[in-house]
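Consider the two complexes below, in which chain A is the common component and chain B and chain C are the respective partners.
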Partner chain A sequence: MDEPKVGVFLSEGGNQSSKVLDYDALASFAKNVAKVVLVERAKEFWRGDGLKAIVNAVKTKKLNRVVVAERLPKLSEVNIVKAVEKAGLNPFLVEVIDLEDHCARPHRNKPAEATAKAKAMLLAAIERAKLLEPLEKLEFPALKSILVIGGGIAGMQTAEDLAELGFEVQLVEKEPFLGGLASRAGRFFPTDDCAICIQAPSTDVKSITHTSRKCVYRSGFTEIQNLNVLTNSKITAVEGVPGNYRVTIEKKPRYVDEQKCIRCNLCAEVCPVEVPDDYNVKLKKRKAIYINIPEVYPPVYVIDEKACKFHECEKCVKVCPTKAVELDQKTEKKTLNVGAIVVATGFEEYDPSVIKEYHYGEYPDVVTNLQLARMIDCFGPTGGSIIRPSTREPAKRIVFVQCVGSRDRRWNPWCSSICCMISLKNAMLVKSADPETDVTICYIDIRTTGREHEYYYERARDMGIKFVKGRPTEIAHDPEDNTLIVDVEDAVSRKFLELEADLVVLATSMVPTQGTKELASMLGIELEQDGFFKEYNAKLRPTETKRKGIFLCGGATFPKDAPTSSLHAHSAALKAAKFLSTGKIVKDQKTAVIDDEYCGDCEFCPVTCPYGAISLVQKGEDHFVAQVSELQCEGCGICVGTCPLNAIELRHYRPSQMLAQMKALMSVNGTSKPLILAICCSECGHTAVDSSGMAMLEYPANVRVMKVPCTGILQIHQILEAFKAGAQGVMVVGCKTDGCHYEVGSPKAKKKVELAKMLLKEYGIEPERLEMFNLVYIEGDKFAEVAQTMTEKLEKMSPLQLSSS
Partner chain B sequence: MTRYALFLGCTIPARQPHYEVSARKSLAKLGIDLVDLEGMTCCAPPPLQSIDLETSLSMAAYNISLAEEADLDIVTLCTGCFESLAIANNLLRENAKLKERVNKILSNAGKEFRGNKEVRHYLQVLMKDVGIDHLKKNVTRKLGNLKVATFYGCHSLRPSALLKFDDPERPKLFDNLVEALGAKSIWYRNKLKCCGGLLRGYADDIALAIARDKIAMATKAGADCLSTLCPFCFLTLDLGQFLMKSTYHEEYNLPILHYTELLSLSLGIDPKELALDFHKIRVDKVLSKIS
Partner chain C sequence: MAHGKTAKSSGKTFLEEVRHMLGGETLASCYQCGTCASSCPVARVSERFNPREVIRQSLLGEKEEILFGDALWLCCSCYNCQERCPQKVEIADVFYALRNLAIREGKMPNIYSEFSAGLMSEGKIVPMSKFLEKKRADYGLPPLKPANMDTLRKILSATGFDKLKKKEEPQ
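This part shows the complex of A and B:
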């Protein structure tokens, strides 16, 4: 790298800055700093003539470092960096600081002090700039193919969107048939339309219009170009990096040739084995060779491995007119390379048999909402009639119990959000089929958020469905007359009721599907406490995960109704398409580097990295070193703060750069107060300082702000160095511990600060000189307040005397 | 011969000698040797725990320490005593700090709680030491056509994690032991609900309404008698029927029998030896059905 030639550009900004700061003094100060070859002043530098002046100076003066003091740096930096890059300078050699919100405004009543602080800030920026190194723009190849896990309503819609956008899509479903939980729901609320009805693909030439809806089996879904459906399959391993994930899939044998089966049902007729039908929640039996309902995809029979007697029987083989049954099919293993993965594994009903007072599984007439939905479905086990499983007689008195296993700390504390509507829907379908049926819903709260939903509730009441506000304490069974008795206290009438019922329907909680945990660990993504997949950010990135190229949609993140699942699915498709659309992933080189020589393969950093960007690679016998994936590294520096051997550095925040900045900030005081170094994270910490300036709040000028990517980067010795550099106090300002933009940085910094305080005490330094504050952007007032109180606290102490200073 | 220290408590010797006599005679017949220890005091009934836990545990631990000194496990008849002693025994075994504090109190009386003995209810003893099969063999008078409404009461079942008596939602122990005698244990509504007894003296009307519900449901289900484990439940449901008569003008005449009384009858013990006159509701109906 050439000798640094620094150009300093001072924007005099709005009235505030020019009234407070002495720009003549600042300019002459900057001119005298070593390696500064040019100082220019203008009203603004981030657009128009000012920007041209920077470009011109870079070209003519051969500047290789640019320091700009400009207002709203988070905005102006974008323009400046772009212009500088056009002028031929590496964009990472630019440093932009804010003399207005960080200096002129908060210290407007003390112009001399403000100017002194501005000098320190300028010097710090220049010293840091001198040590900056050029970084590259990195490009990684990305395959234009996508794996969708889960063939329910969400997965199918995502897959369809992506295939139609031209991506190669692999849709993997663990069951032998597509459709998922939603297809078993009979009808959907609030439209009461058929559950197996889906959007027909726009490529279906026979559709009357591309907006038509059709049953799954006639939608042409599987004939969409670029879409490959793998049923009866599961993911067993995921390796690789974003843009190129290598996925291993195990496809269980169907034992029936998909090309030959003509769905004649002769095989099921001769099959001698009967087992409970899981698709219909054990409400009926099915054969060992079966199809769920005639309307499913693929329309091919399948053999239940656990039930079939195979070669001992062979009746189906003999009867099949097309010789489609192949009892010797084996499990196939496939590996696929895909650029991105969409997880659409959905949710399932909680098994309420653990709630002993409701006797599910013991009394046959206690069923779940899904079982009732199967009965309502005319393709279901009862052909649409509502019966008591114990006697197969019509159920005339039905009691629904809401919140079974949900909103209950013994089981699942959350509200599953859709069960109220499901029960209302089922209750109304039952009631409209037979108005004589006596229907009661026992609830804690009826939650009908969503368009049309409250109207739905109103209609249920109009139809004569009864509502009892109370959670039943027990369901008893009178063996004499085979009646169920639901004990419930009605909180509205303040009476204990004993409701007699033929059928009790439990509105059970919704929980993550089985295997969610294993899948999450294979994919390297996190689960929420409730066991559902965790999105990157519920507000802004509801379909993304912390791992690039892995997306979520539908009930995999939380129970959702069908409309919301659709919304989520389309949104995930768009995000995945955006990620892969150019066929490459572009990112800058603001990444961590590891010094192999110092790395002691202690495994701290791979475990700590919130993005899974660090792995251990073998370097010789018994010797491993950590390696950073530049593709996955987000440049937060938490690994730097974790490494016990100082073997990791961030390219754009090297300890040498930070130290130079620290020393410069402490080099000029200009106030009579003790100097404080405020180390702020670039997210909420630094922006809280911005917002205090914007809000014209005042705090003393002895507080000097240094930006770091995340407070998690801090090492304890850096805090000690700050004191050595002349700070009388150190404030560490990070995001809220549960709102860290890099997940774990802020809580880690908090712990480190605690530890550093203990060390300070050991060294005979008051631990109160060091504090950590957790702020969000809007808490500018709090920043001003703690800066003030910290100063007052330090003023009461005698000055810190370190032997070296 | 299996030996147990018998813990009688207060209510049984004072008010229900028929419970004691039937227990002593029937258990002896089944090979259970009941040892009376001197110096047993109040069990510290469960409500006391909510007033002062340490005091109540100390009282219970005092009784247990007597059994420890005699190297005997304890058996109780009253489920209230069972609950107090079993809670104390398990709680003090699990919680070393609590044990230390209680032992400090006990040291004033020269006692120490060690926690090396078990506290059992006699139903558990019948199940564990006698066994259903052995019990069936000893039955000489089958209660063939007797429909018994079993009533567990509260103290035997909860807190289930500490008492480990039976599944509190679906208990079977009592019913199995009734059926072992050849009788039929019937289902009736609200079988697992409170007898109402603990509300007596505070809200007599509600207590009586609850007890009445119990008796009415068992009657409706066709019970010949209702069988209890707890002397307090017995009192509430037996004597309570007189109050039901005066308050509601309803006459149920449903005999209430402790399980030991049914057991004694089925083991062939002469009813005359069982002090059945202590029952407020005559049990003649039951006797006529089984003889």
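This part shows the complex of A and C:
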């Protein structure tokens, strides 16, 4: 590499800075640092003439390192780096520091001390800049094809969006038919729409309008260009990297040719096998060859493998007029190559039979909301009438029990959020079909948080539905007149009620669909404690996961009503499209590098990397070395802090660069106080320092800040080196342990600091000289406070004397 | 329900006090669903006791009402409520904590002082009578041996039981 030629640009723009700092002294100080060829001063350098001056200097003076002291570096750095890149210099050779918020403002009452600290900060930036290396912009190819897992309301809408945007979409559904849980709900709140009503894709050229809504089966959904629907299929393996995943699918046979079946129902008529119908939650029986409801997609019968007698019977084969039944179809294995994956696996009803006091599964007239919804659906098992399953007589007295299995620490502690509205909807549908029906809802709290939802509750009261504030303790059965008795205290009237009912409806909890755990482990993404998929960040990245190119939508992250699932689905589609839109993934090269010579067989880094970016590859007979996927590496450096052999370095934050910076920061004191090195993570730690400056808070100038990507990068010997470099105390400032932006970095640093303290004690150094602080960005006041108390604590100790310092 | 005049002034401290006692830890989890009330055999027959309301008063810090009232002493410890509480509030155990607190404040119903006197003098909360002795013989049970009072007194003294005294009669 060329000999470093450093240009230093001092912005005096901030009022505070120009009043406090002695810029003449700073400029002459910088000029005398080795390899500095140019020092310029201006009001500001991050825009307008100042920026032009940098560009000009880079071009004319052939600068190859640029150090800028500028206000609001997190904002100005973007502009400066872009301009420098245009001028032909590698953008990674620029170092921007903040003399205002990190120096002039917090030390405004001690100008001499502030100027001394500014010198140290300038020197640190220059020394670091000299050691910076040019890095490349990396590009990785990405396939413009997407796999959507789950064909419910969320998956279908995501798939439709993406297909219409021009991506090749594979929609995989484990059931033989599309529609998911939503399609079984009969009606949706708060619109009272049919549950199978979806937005019609624009394939429907004849009748598409801006407001088109159609049944799943009329929508022509499966005819969308670029969309391939694979029903009866499941994911068995996922390999590859973001932009290029290889997914293995197992497609179970339908035993009916999709092209030949004409849905005449003759096969089901002759089929001799009857089994409980899962689609209708066992409220009726169906044949071994069946479709769920007439409006299903795809409109093709299917054979239930577990029930069919196959060649022993063959009645359907013989009766089929189009010879569509093919009993010898085999399971197909398919490999799909996709750039991204959207998980839309939804949720399902919890089986309430574990709650013994409600006797679900024992008393046939105790049903779930989904079962009631199936009864309300005119294509359902009862043709739309509400009956008591025990006698098939009309149910005239109905009691709903809310929060069954949810908000219950014994089963599922969360509020499933939609069950109040589901019960209100079902209660009103029942009541409007027959106003004579006596309907009572037993609740703990009625939660109607969505738009129009409170109006729904109002209407329910208006219709004469009764509300009892209390959670029943037991549902009893009187065998004499086959009546159910719901035992409940109405807390409002303080009365103990024994509600007689023909039908009791349990508003059961909503839980992740079966197989969620297995799918998560195949995809390499995490689940929350509740078992639903974990989003990257609930506030800002609600449809993304820790793994690039894997997105989430709909009920897979938590139970959602249809409008919210829709919203989530469209949002995920946009994120996936954005990810693949250019056909390549571009990222910088601030990645970890492994020295093969030192790397030796341990598995620390692959296990620790929060992004699964490190794997072990074989080198020699039984020697393995770690390998970093530059595509997946997020540049946190946690692996560096983990490696017991110092075999890993992070580009742009190499130990040599950090050491030079450390030494420089400790080289000038200028105060009478003991020097403290504050090692701050680039996320909350460093920004907390910013915000303390912005808030004009004061702390002593002996506190010197060094930025690292994540505190997880720290190695114990690095902390010791800080003392060797002259620090009397070291503060490690990271994110909250449960809010680390790189997940595990800050808790790991915390442990490491504890270890380092033990080591310090061994060396006869007071362990209190080292502390870890966990702050969030806005806690500038806390930073100022701990900087102050740390200084006071160190002032009480006698100065640290290390042999080499 | 009694009017809670102490809700604001001493609310937090009372809640904290109960939560720091053995059995009282889970008190704050209650969300007043009333499963305990409808599970309670006593509440069914007596208006004087409703477990949900006692918990509610504790949460609001109505210390006087709870400790001076008699509701607390009516729990029959069947544990129905505790078994079914969806928030895993250890309701019956909370009542034990509250009773201990009441006794510490010198509020002990007569029957309990009789129990404790019996325990300290004879080692039995129910004194033996001719009737009971005969019943035992009828059932073929051996006659009861006298309790080892030395050991028992040591235990009662070590646990501070012997110092529990009532100061006044609850209303």
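Miscellaneous remarks
Everything that follows uses one rule, which is that the second predicted complex is superposed on the first by the 803 of 805 C-alpha atoms of A that agree within 3 Å, B and C clash if a C-alpha of one lies under 4 Å from a C-alpha of the other, contacts with A are read in each partner's own complex, and residues count from 1 in each chain.
Keep in mind that, in the parts below, contacts are C-beta pairs under 8 Å (C-beta built on N, C-alpha and C of every residue); 3 or more make two chains touch, one makes a residue touch a chain.
Please read all numbers here as calculations on a predicted model, not as lab measurements.
After overlaying the two complexes on the shared chain, residue contacts for A:Glu357 are found with chain B and with chain C alike.
Look at A:Val488: by the touch rule set out above, it reaches chain C but stays clear of chain B. When the shared chain is aligned, no partner comes close enough to touch A:Leu165: not chain B, not chain C. When chain B and chain C are set side by side, the one touching more residues of chain A is C.
Of the two partner chains, chain C is the only one touched by A:Phe496; chain B is not. By the touch criterion defined above, A:Asp408 lies against chain C but remains apart from chain B after alignment on the C-alpha atoms of chain A. In the superposition on chain A, contact is made by A:Lys469 with chain C only, not with chain B. Of the two partner chains, neither chain B nor chain C is touched by A:Ala87. Residue contacts after overlaying the shared chain place A:Glu480 against chain B, while chain C stays out of touching range.
In the superposition on chain A, the residues of chain A contacting both chain B and chain C are 357, 474. On the side of chain C, the complex with chain A involves touching residues 29, 31-39, 43-44, 50, 52, 80, 84, 86-88. Every residue of chain A that touches chain C in the complex is listed here, in rising order: 357, 403, 407-410, 444-445, 469-474, 487-491, 494, 496. In the complex of the two chains, the chain A residues touching chain B come out as 356-357, 359, 362, 474, 476-480, 485, 498. Interface residues of chain B, counted against chain A in their complex, comprise 167, 169-170, 187, 189-192, 221.
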